[in-house]
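If you scroll down you'll find the structure; I have some questions about it.
Chain lettering (A, B, C and D) follows the sequence in which the chains are written, and residue indices restart at 1 in each chain.
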Amino acid sequence: MSTTTERDCDNANLLDRYLHIRLATERLCAPLVTEDYVVQAMPDASPIKWHLAHTSWFFETFVLRPHLVGYMPLHEAYEALFNSYYNSIGTPFPRPERGHLSRPTVAEVYAYRAHVDKAMLTLLERLPESLGPVVDLGLNHEQQHQELILTDLKYALAVNPLRPAYVENGARTEGPTLQLNFVAFAGGLTEMGFDGSGFAFDNELPRHRVYLRPFQLANRAVTNGEFLQFVEAGGYQSWELWLSEGWRVSQERGWQAPLYWEQHDGAWWRYTLAGMRPLETQGPVTHVSYYEADAYARWRGKRLPTEAEWEHAAATQPTLGTFLDDGWYEPRPATGPDNALAQMLGDVWEWTQSAYLPYPGFHPLSGGLGEYNGKFMMNQMVLRGGSCATPRSHIRVSYRNFFPPDARWQFSGLRLAEDC
Amino acid sequence: MSTTTERDCDNANLLDRYLHIRLATERLCAPLVTEDYVVQAMPDASPIKWHLAHTSWFFETFVLRPHLVGYMPLHEAYEALFNSYYNSIGTPFPRPERGHLSRPTVAEVYAYRAHVDKAMLTLLERLPESLGPVVDLGLNHEQQHQELILTDLKYALAVNPLRPAYVENGARTEGPTLQLNFVAFAGGLTEMGFDGSGFAFDNELPRHRVYLRPFQLANRAVTNGEFLQFVEAGGYQSWELWLSEGWRVSQERGWQAPLYWEQHDGAWWRYTLAGMRPLETQGPVTHVSYYEADAYARWRGKRLPTEAEWEHAAATQPTLGTFLDDGWYEPRPATGPDNALAQMLGDVWEWTQSAYLPYPGFHPLSGGLGEYNGKFMMNQMVLRGGSCATPRSHIRVSYRNFFPPDARWQFSGLRLAEDC
Amino acid sequence: MSTTTERDCDNANLLDRYLHIRLATERLCAPLVTEDYVVQAMPDASPIKWHLAHTSWFFETFVLRPHLVGYMPLHEAYEALFNSYYNSIGTPFPRPERGHLSRPTVAEVYAYRAHVDKAMLTLLERLPESLGPVVDLGLNHEQQHQELILTDLKYALAVNPLRPAYVENGARTEGPTLQLNFVAFAGGLTEMGFDGSGFAFDNELPRHRVYLRPFQLANRAVTNGEFLQFVEAGGYQSWELWLSEGWRVSQERGWQAPLYWEQHDGAWWRYTLAGMRPLETQGPVTHVSYYEADAYARWRGKRLPTEAEWEHAAATQPTLGTFLDDGWYEPRPATGPDNALAQMLGDVWEWTQSAYLPYPGFHPLSGGLGEYNGKFMMNQMVLRGGSCATPRSHIRVSYRNFFPPDARWQFSGLRLAEDC
Amino acid sequence: MSTTTERDCDNANLLDRYLHIRLATERLCAPLVTEDYVVQAMPDASPIKWHLAHTSWFFETFVLRPHLVGYMPLHEAYEALFNSYYNSIGTPFPRPERGHLSRPTVAEVYAYRAHVDKAMLTLLERLPESLGPVVDLGLNHEQQHQELILTDLKYALAVNPLRPAYVENGARTEGPTLQLNFVAFAGGLTEMGFDGSGFAFDNELPRHRVYLRPFQLANRAVTNGEFLQFVEAGGYQSWELWLSEGWRVSQERGWQAPLYWEQHDGAWWRYTLAGMRPLETQGPVTHVSYYEADAYARWRGKRLPTEAEWEHAAATQPTLGTFLDDGWYEPRPATGPDNALAQMLGDVWEWTQSAYLPYPGFHPLSGGLGEYNGKFMMNQMVLRGGSCATPRSHIRVSYRNFFPPDARWQFSGLRLAEDC
């Protein structure tokens, strides 16, 4: 048990992080016009104003309503309207219809955020120790939605024939690509899962033993240029490279290249958050589904790593990058010694060949928050590492992201692996 | 051929009408917030900003581009983006995805309107005589979209759990309902179709002979109160009252009452453009599909009129209301002599049992405008009379509105008929 | 009221017709193997054994159960299993799943027929006068299913890559095509609808007056050779020839020619009930939807006739063919004087531009049989004339066949019309 | 390398097995009428005659065509018609339409089998050593289809309102259920995957190390009676017990109990291959999806085992049953010492919580047969143990069966597990 002083200090830190993270969400929206907040271009993506409201709803529902005496919700209808999928809270408004709602307006949603923030500040000043974890969860939840704001917005702007840009100049100029090498790992009996002292999602626990055969991992992610070779070699026309379901999906949807790639007059372009840009061959390929990642790996005579291999490799490499004092993560540059792993964290989500399933001994959180992760453990694949859109302080070696194998609108790419 | 002076006068009138009608469209939008312009709550409805742009696109495409020397379109992408269904103009942006577009913004759409208006004013000052009809068509087209703006907006606001109002106080207070009577018509050989000197759509032509058996027509529209009796008598649970396809549709969609009706604690409410209101039993029932109108009539032992019967009755009644000098139409009040027809024009669109098919001798307009009406003559039913949302100067006895038999989001109701 | 003797005579005739028609149904099935009776290749078509059973069910349900004292149904489950769409009888087994049923077997279905026939013979020997019309309806119903047996079977055999033949040599050798001419009709006030003394469906009644403008009707049906010109001229790629809904459907389903046409090495073939045959250019085009018929007519600068025009023309031509004493109809040969109408009856169902709607004063049959026709009067178009697959004694000038405008598996073609 | 004599002996054995297994397939069909061979009641199930033909096609395609000089296929069209999913062989006839084909007839399919058998016998008399594995694969393939013949047939008979029986008396009389106990396993580093000398599918290889935490496994499968408690306790109405996707599916399809269960007058019945029977509470529950199995386990406070746990437990139990000399397997009776595992093999397929993914170091077969297993490793879950419908000689401890988590038409049940 911590002393009062320590708890005050913890609370001060939490309050500080609360303000920092909530503000960061709104800063992401600074370049938007009102209309950009409203649209929903596919069922999997949500309107930006929904993200702004839902993250506030999370604090209202799991912190303020049960724990702040006298808290008055701003609007009773918001309970259902901004409930994502928590059956314990009631019947959520249907996800595919989130874009049908003009009201509450963007301004009203910001007022909702302010209403929640004001109450949270009151509570955070004298937060009972037991509430720390749920506030922490709420902040990590908000960070997840920060990334979704960018991916959902990108999708909505990209389907617009005007191809509007979110920022003027967001495209990174990639340096020369690191020479591709494979780094060998001896495998054996090892451990995986979170073991730090800070925050982790329930799905990263418990830490447990796994046995690995010797394997090799590529020292960097697959680049756009390399993936272009696959495209041009007819990879999208070669059923023998694809999983059966992947081939069906790719044919049905007419996939010919990663999402957002377009060919004009023989040249390849790519929609980015800074608008249409010539394809940067040096940068990591993004916006590929598991099926495409898997087909690419097969074409190269390689395979995707398992999440255990990936985590083992990441955990045993001392030079992935630097976690700074404020939690910010500075990735190791993609240039450097060829026998070390680059781009493991914070560049691109890397598909693994592991299904998203509970770790041995897994227990979901108790209460309504038990719906956070566990109930989605079916028909999804694990991605590791974090992308350029992931908040730096949200990145962890043990972090398990997950999406269905046909999802393409995330910053998802791959790194090759092979048996020794 | 008209003299120069007459033509100048005509042009002045046309210019005046142009300004009047274009302004009326924008006035309809005055109560909206930006977000209201963006959403599309079902494929059949369009975002309000799409209506604003599409009506401008019509003038740009069919008047300005071909006929105003030196006209510069504001944005090349708008040609496809705001094309509704004219294959002759190119491939339209897919209708169900109109609500996926945040850009152009509402402000940009208004700028587009201003751009078109400015060019139109230049042209209208010295309009070649031959262009009068196409400008007239554009204005009537814009008036059609004025009604669609209200119906599409109503739909989008109604699906919102907040049930926001468009106007503070738009609900009419209905006086006491006229006693229901049937007015007899002898039938015989008569004529139908437009024969005036002003504007008419191609589908109202040519005027032609039809033979009618003796029939009777109700002196007013069916009211909410009468339709409520059908609801409460189990009309929605009685397959024997319904067309086969109507029964299938009503079961599949779970229809239990007209669109926008809701029952709370035993009392019936209705969403209106002024928000949720207790059901006004005196007013005409609206937002029923053909299937519901037809089932209601069968339940009463009556039937729907044919469009020939409806037009014949309307054309031979001197007291439907008054067309004022400015084209404005003042409907005959629903109170008055019981043996005369009330509510024929401007109260509610009345489903007829006539399929929307070409009149004998019909010829569509030539060129791209030939796509305006003719190609939709299949699987739709004719409605007559105009609703409370129809611009008054747009109402005509020979006017043929048409919608698929399952459509409910228009102000559509019915009037009973029977054989003599 | 008829005397006993007359009634006995009527009954003898009815019994004779009963035996003749029931036997004719089974003779149609003589060439089938057991497996052919079972399959259902699309929801609109039914397994042949279902037709055999359903036509028996009709007599059992509407004649035997209510009127034959002591009648014992063969199997209680058949009431629902072979109910097509009569809600008054109970909940029918779902239509699209009729092909999922291996039992009752074909032999059991024939036993069901025998069981019903035996009881019907008992009843027919002393049939109450009032039952004559319903037996007559049952026989006409069975004749309708005789045609459906052929069209449904043809569809099922045609989708089979083996393209098996139903009969060895069923393809007619067409003589030289009659020179195309248009026969003029003055129109005016005329009558349509059944007025004979024999059997007619309720939808052919009442006879009523219509007014027709002068029109011309082609002296014969459109041929395969003529329709091939449309195909080769790019008719299926020319949106401007099509109704909006027709264009959508044709694109979605990839229509490039009439159903059953196939091109091999540049030559056109057609699946017929006698297997694959080179396209007979002289024969009437069949298996086109309303949309294709309509597009073809537009391409030729003509139109489809209305059903009133068609019936008026047929009724006023003395030489359509000969109705023999036994009710058998002998069509007028397609060769003959050019100014007379050929192929009006018994060659091919001809799409008209008339929606299938009730005649003025229409009343459906009372009781459960009221579901026979009236409830389908929506989103269907009328066809006239009868096809090569229609039983000869089933053909009538006033006969109204009807199918949705996208239906192609019937022997449906067209005849051109135009205004004078 | 084996000597000629040994090979002759192997071939004799293989020939003997070939005849035995091919005959067993046809014996399964002995109770069928012709119609039963034809129908396809859902896309996942195939007509019985398709199974008979496809298993023959397998030998024709992978053995006879490439390896028997002078082999003449019976019909060229069969290559596509009976290809299940091998893109390397060409474009298969669409799976959901297999039930649309009346031809080839059942007799023709048996003739096809005879044609293939005759050629196989010729080949098997002097079979090159290298072909042994592919013939062996073909026989195991045929055994898989033997089970599918039973499950697909059961589905087709069960959807038939007549609920016809396949056999007169096939329902086992279950003895008293073994008392439920949990058997503890210490876990640790162990091995899994096939290591015998006989046949195994590629997906059972390579044998590899895994690390297991201590766990307990139920000594028998969950019974109908136990599952009935879940049904009656509202398990199908309790979202909190279900995976998110499972809840969605169960709601959408209206699941209220396992497939084939029906409640009549308060009593539970179950369709079996011997027709409708009162629910045998003692027998293992079958025909539950992964979602239902998983929800049941959660309701009991337990979980499903992983496939590694299952295989480890099975492999280390000496008394699962007896593999007789002829490969036939005699399961250990469900009565016996409570601390030993019963019903592990040959009673019911048991869902595991392991996704169907490649083992570390997995390599699919080369050539066209590489499509056999590997390309389906996505969105499926592993089942272990074999069911009452699995041929006894086809059962193996390392055998990996797999189905999508919503599949219910297999004999699929579950066994509980828990952490120590």
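The criterion applied here is as follows: contacts are C-beta pairs under 8 Å (C-beta built on N, C-alpha and C of every residue); 3 or more make two chains touch, one makes a residue touch a chain.
From a predicted model like this one, the values you see are computed outputs, not experimental measurements.
S.K.: Provide the labels of all chains in contact with chain B and in contact with chain C.
M.R.: none
S.K.: Report, in whole Å, the distance between the mean C-alpha point of chain C and the mean C-alpha point of chain D.
M.R.: The computed centroid separation for chain C versus chain D comes out at 47 Å.
S.K.: Go ahead and note the Å separation of the Cα centroids belonging to chain A and chain C.
M.R.: 60
S.K.: Distance from the CA centroid of chain A to that of chain D, rounded to the nearest Å?
M.R.: 38
S.K.: What are the residue numbers in chain C that touch two or more other chains?
M.R.: none
S.K.: Show me, using the given definition of touch, all chain pairs that touch one another.
M.R.: Final set of chain pairs in contact is A-B, A-D, B-C, C-D.
S.K.: How about chain C: which of its residues touch chain B in the complex?
M.R.: Its residues touching chain B are 85, 87-88, 189, 208-213, 239-240, 242-247, 290, 306, 353-355, 357-358, 360-361, 375-379, 405, 419.
S.K.: Under the touch definition given earlier, write down the residues of chain C that touch chain D in their complex.
M.R.: Where chain C meets chain D, its residues are 33-41, 77, 80-81, 93, 97, 99-106, 156-157, 159-162, 164.
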